[in-house]
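The data blocks that follow each hold one structure.
Two complexes follow with chain A in common, the first pairing it with chain B and the second with chain C.
Now for the complex of A and B:
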């Protein structure tokens, strides 16, 4: 008997941004993400309510995924930021805080939404045009002749995640390793199509971070009592992806009828041993399988001097194929000669209690292995899963666009000062084009600049004040226990470390009014090297994503929800 | 965000409060009862307390994760880790209450731990120096080692250095080297007594257990004919066997591998004793249905049969027959399996006088394999001539039937020459206590192992802590002075946090002293502060410092674990790497919790608490 339930009609809400409930939720989300921003961020413990594992983090991808949202507007924001993060890895929190600030500011200044949207769009194009200019004051050209700026870039990413609990020398070590690994994945000889290699990361818990290291080639798990004996170089190897466990698990759910007395298991095993015989005849010295290898086959091969590695796992298949330049062997026919690969040499390395076999490639390789050590599981997870992968991605992005942006909030304050100055100057031309009054234009521009500045302010979590200097428009922080006078005396540096304080410098608190000015370029003979750099490509895209998402949210007139 | 009452830090502090009475050498047993099932366990060590409490909150999980990782590696020092995590989270809470920002606390505490670890490194005593020093101090007392004469020991010490350099020279020729080592193994090497001295200073109140550990370690060195100048033993070749029903004094160290057998197996063992046996090693289960890990049997397989043959025996019987026939062919008399063995196999094997032992430690398989030439295999059907090892002896070690209701026989499986395995039999009349005793043994063994591995020790009995307190206070004072000159507040904060960190260490020392039951918290604090003022009065050097510690210890026997009526003749030492790791991990925990300001709960059920905010 089927039962019919009357469907309730969909609920339509008018002007969702006017509801206080939605505003509260947005504010809460902003507070949550804002407090996770930057190197002195507050961490969040993410867990489910049935006692699952606890993840301690301040990374946008984990935080946003953990937010189970009750309102479509929040899922809209969440979705677009997560999409940005999946493509660029970096600047997720920047984009979310900026986007949420834009929405909040738009509500605060009380202009018509369509005006806001048009002005925001216009200012975004101003920003991106400015950032693309050669002489943009917050852009740094990356010099690939020296690794210094790359290391700075890597270090800024690594230092922005306090869950890793790294000391100064430790984060310096990890950033050097990250750059080293990145450089190893760049091929030396350039064919017409450049293909970057892979970095395989192996986490080892319980050791000091300083024991982490990068190796060219691949390190694979191996049983501890491995004996390499005398192996001549190069070693021929074969790689299987199909399970050699001796079962028929890959058949699916089909039914097989077998005669009584027929032992399928032993027949499959016989076939496997045939395979082993052939492999021995072909003088294979290294036998690798992605899945399980039948212990009898393993035993047979080992007794005949073959190194057997099983359960390689899917993630290591691709790098291994790249390393040895071989196809994956199949079980359908006898193995053709072409299916064998080569490694130059193997050696055994010991890391604590773990034994690893190190495959040295035959030629030049772009595959490398990073051994990451940390004292604690939580910290190691953050370091591996989020920080190192993100650093690798950020470094790769520099190949597309060899520049970086000043970090530490300086890019944000610089852009804000620039936009303020620009909008004052072009108000008479722009406002008719955007079909709004001059006052409206200036108000909306102010909202945009405030949002940018609020991102810079979010870097401070200990009740310190955020300031902007009135010559170069860089970002400065003043700890809560230090007076402004002190800032002048001390040899303090701005957020990115390029500008040094001096006697006649003027500051203004962020989010207070100051006379607009055009940020002056730095014209010293020996400029200071920036200590904090952000990914250019990621940040420019984050800027666009934030403004466009904010515009989309501002444009939402009705929310129609199916409540069944 | 109410930082002034950081909930996470309070939880951490509260959790560590549970083990306050279990730090240090004097521990009380605790019962932990599960209200839902009514089960209860008797626990002693701090690790077991946390393990059995199964903390459910997020901070608790973080704590358990950290402590477990530490325990797996070191087997000792979990209490120190947990206590200091609590004490330092208390320090962090105090700092927050005084309005110091999180960032300042982290910077200052990082500086603090660097000071402490530096102090540890600087004031650690190398094992070589220690032996000489201990003998100099121990001999005048003359009670413990009357036979050891200082001057000969000193001479030995110099001899040893000489012989070391001599060895290095002949090392290039392997012939020389071999004869040399052969000769050395018969002579009692001057390095050997070192271990006893080290062990005594590391026993921390478990003299008996430590004696077992030393005995086991020395036996391991001897049976493995290891180069004796390197006293580091392979701890993976040490085993424990738990026997309940015997008094604790019966604990002993036996060369070989002691395993407990059931009645019917014991009968076989009786028949096999004093023979050189062939052995097979199996890493999987010994049953027909067993398949290796990763093997998926087909769900859709059906067998079809053309004629009905009722006389056919079952598949399992056929399999057992096959295996037994194979074993008889290979003349295997002993099978050691890492997995389980089906009852049918045991019965058949017993009938053919083959001894099958299940659930054998994999390191035993490995060692027996390497000393007999047996190759471990996964399936019994896989066995061939080349996999079978030769020359294993089974001895009836002891018949324990009279102590237990169910009959039990302990056999010793060894490979005669140099099996390389040593078993420590841990006994207790109380079954529930066995685990605690085993933990205690491993703590001792690992302490000894790490001491030899580090090659250095830290002054114990709170000495290192007092020293670190001194260094922290000195730095705090230094900051205060600098602060009054420059007028910056940052230094003042730093000084304050360092002082609070030092208080945490003092709290640890007092807790340990109070746990000995010989002094109250107040008098413990007085003793510590007296020591500290002595430190502050005169700049200390290593030697002077050690002297101070040992002096003050004689004054207050409250610290040492020795009986008050005996004059303690030996100094107490701690492990270097264990302590450093524990401290660092403790501070890691505090940092992680201190920096956390919110919990995000995913997949919330309907039981929302009042203070949850919904997105």
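Now for the complex of A and C:
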């Protein structure tokens, strides 16, 4: 039977951004993502209609994946943001909210789309040039001599994921652990090429978060009744990736001819025991296999004082190879001396009901293990998969560029004020280059700044007001139950915690007009330490991705949907 | 009973007009992107007419035929697919108007419809014949004097020739990727070309090389801004190591390439030893990297691991051939020192965009190849496409082949290589003017005059679409070009310098485009009937024939 099915013709939409349906969808998506932004975000529950697992989250990567795209424009934006998140792990919501605001503002100001695209592109280059400058007002140099700013950076990432439900001391503890683990993976004696190590995370459910810990070396699962006799250090060990269960599937394709009456099972077992004998002769004390080991071989080795660990799993293979600096032994040849590795010592650790064997490295190592504890499974999963991995990634990004950006919306308001000021000043030079009129240029610039500010506003979810101060252009929030006079109280701080309130400071509500000004640098002798920091590399990339994606969407004139 | 469907001129016109309306959204400097989804759900973006038309999945056989013609044309020249549809629609519209007026030419036909079709067919044949015999003369006499020559010698230096080369690239990338990235990709393109430049060879040689090995030469990265796209030294093999790669290694590296299996596939102790001996031999040569086209057995992997060699499996054919080309073909000659192999990393926030940029890059290579090829070569390329298109027509004819041969004879010195002219409709304005004058001169027969007038009129539709948002600009542009005509300048005059900011397009691409459109037109009009055959398996789907997309809804009213 032929399975040829005729292809049905595609569905076409002309000028998609003019249709109210598409605009409504984009607005809905923006509202959804906006409300999941920041440390006080509203959580979202994702569940499908066939009764799958319910996921509670506010993370962009999970949320965006859950949105089934009804329109190609949405999936275009979704794809861009997810790609960004997969590379930089952070600022996904910032990028998507900013991108959607840019599209919405472009529609609102009613200019020709190609003018908008040109001006957006020009303003983006102004932004990135400003951020790369040494004296940029919203950039902080990271000081690797102290772990304080690194911990602040880690803490900002952890605090922006409210799904984990961490208390103040708990999040402080986790951020300290994250920085500790990160520092353990950076090699000390650097050859020409730096290769960062690995952190293996082991989740343990039902314990307090404060019991989480970081260990140098590796912790592996082990049977409970393990007895560590007197072991002299260092221990020689061997590692197999092939199954030692005695089945033939690993041997590859081909035909095996067997004489009649030969018991293949016992033949194979003999071979395995032969291997065991050789290993014993070579004084191996630790025998590890990725897959299953034949029980007879296990028993034989244990009786002879060897620690046997089976079913290691593929994910632990690489960290173990790095830790012990040994190649994987194979069954194809007899094991050469070079195939053995070494560990300094082993000890047994107990975590609740789980027993782990701790392999201490023989020399300096960049492999470490993080034990993560949390009260229930959902929170633990979010903590492990999203928070810790992301924090590690963000911390690693600082090695490439040792700076961070002020968090709490202050970078956004600062950039908006800067762009507003710059665009007013260079309007006569820029508008002919971009082949648009001066009014068009200023209108488009205003749309760009408003989009930046709307990202800052979306940090607030409790009906509070967002303000900008008119000297340093930092972001301030005013809770709904207090008056503006409260801001003048000297204890009030801006979003990132660098600027302190004082009597003669002036504020303006965001999204209202204010006279443009150049943000003044902070010139105090002992500046306050920022309490919220964002990853520089991730945020700059998010900014560029957001503007480029918005430009792309604005440029779409026609949509062809393949419905096959 | 096979359903018979009479094909009328207005059916053809409707079909092509529907295609035109899709194309127009991304045509010209004001045009935008077309977003399309694949059946896999993948989102793609394009401004290339070829990709847009193929994404439509059209039902109507006529529409599919037009799309195939466009596809063929732009696969060779890499450009001009949107103008193709535009010109075709305009020609059909004029022929339709003329034919409905002049049905008296074929009074013998029993219906007006048939008479109309016969007139149209006749006109199309005449047009093609005229174009094949006379068009090159018009271009040489009236268009070329206003053009500039592009050469690949020292194209990075800032002389007049190179300025035109760079402008040609900028305008190409502008039509494909929009304003935002055209300068950026122009620079990247020039850089790539200068790295791969082989001295003492024809300039088109390196472009041909790049075009052939483009799949192996570029890497797409998504999730990163476009401005991160760059060249990197050496070649990227798009596979990971199958055996662990030691960090420290001695320089220089020696690599071996394998097309087949290492040793024998079947497992036995004998092959085990033979694999070991092969690895040992390679080791004695100092080889430390193995590139294999096929997946290797675990015995081979184990042996390579023990020997500390890096092995890469499943390397694609293109990558292997580029690798061997760079390392073996250049090996002994001095050329090797001058060529600096590098590959291109194309970055974009989304996969669709990265893919679009890669396609634009490859099409730019194709376009340059067409622009730089001497004309008599491209003639043969055109002739090759004729027979396959003829299968679709019901008549066979000898006119085009004969004519092509005749053109071929006096072709030699016709158009010098790499001639470009200002974009923005200059080519069409000039050719329109020349044809118009020719049609009005008394020395030509009535028939030829009518045909040249027809073509002249159709050509104007292209600039009219370019300036569609503003009629004033259209008139201004026309006046500006007309002012050039009496002077016949060969160097850049003040006037033509003004035209520079419009960009450049290749004359030979344009010439081929006009010819290809006329070929397609003749084929379209030669058909008079549609036979919808269907096998039993397809009876169900036949019912869905009437389900059409919005764009092609009006094509099929019977």
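Note that the second predicted complex is superposed on the first by the 536 of 564 C-alpha atoms of A that agree within 3 Å, B and C clash if a C-alpha of one lies under 4 Å from a C-alpha of the other, contacts with A are read in each partner's own complex, and residues count from 1 in each chain.
The rule is short, and it goes like this: a residue touches a chain if its C-beta (ideal position, glycine included) is under 8 Å from a C-beta of that chain, and two chains touch if they have at least 3 such contacts.
These figures come from a predicted structure and were not determined experimentally.
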Superposed partners chain B and chain C on chain A - clash or fit: fit
Touched partner set for A:515, first chain B, second chain C, both or neither: neither
Partner chain(s) touched by A:9 [first = chain B, second = chain C, both, neither]: second
Touched partner set for A:83, first chain B, second chain C, both or neither: second
Apex chain A: angle to the C-alpha centres of chain B and chain C, given in degrees as a multiple of 10: 140
Chain B versus chain C as contact partner of A:167, first or second or both or neither: first
First (chain B), second (chain C), both or neither touched by A:47: first
Minimum C-alpha spacing, chains overlaid - chain B and chain C, in Å: 14
Footprint overlap on chain A, where chain B in one structure and chain C in the other make contact: 251, 253-255
Interface residues, chain C side, partner chain A - complex: 22, 25-26, 30-39, 41, 43, 45, 52, 55-59, 178-180, 222-227, 244, 247-248, 265-268, 272, 276, 297-299, 302-303, 305-306, 348-353, 537-538, 541, 544, 547-552
Contact footprint of chain A on chain B as seen in their complex: 1, 56, 58, 61-62, 65-66, 69, 72-73, 101-104, 110, 283-284, 291-306, 366, 370, 375, 377-379, 382, 386-387, 488-490, 493, 581, 584-585, 588-589, 591-592, 595-605, 607, 613-615
Chain C partner contacts - residues on chain A that touch it in the complex: 1-2, 4-12, 14-16, 72-73, 75-76, 79-80, 82-88, 113-114, 117-118, 121, 191, 193, 195, 250-255, 321, 327-328, 330, 332-333, 336, 339, 541, 544-545, 548-549, 551-552, 555-562, 564
Chain A to chain B touching residues, read off their complex: 25, 28-29, 32, 35, 40-51, 53-54, 56, 63, 66-70, 74, 162-163, 165, 167, 205-206, 225, 243, 245-249, 251, 253-260, 262, 264, 291-292, 294-296, 299, 303, 311, 375-379, 461-464, 479-482, 486
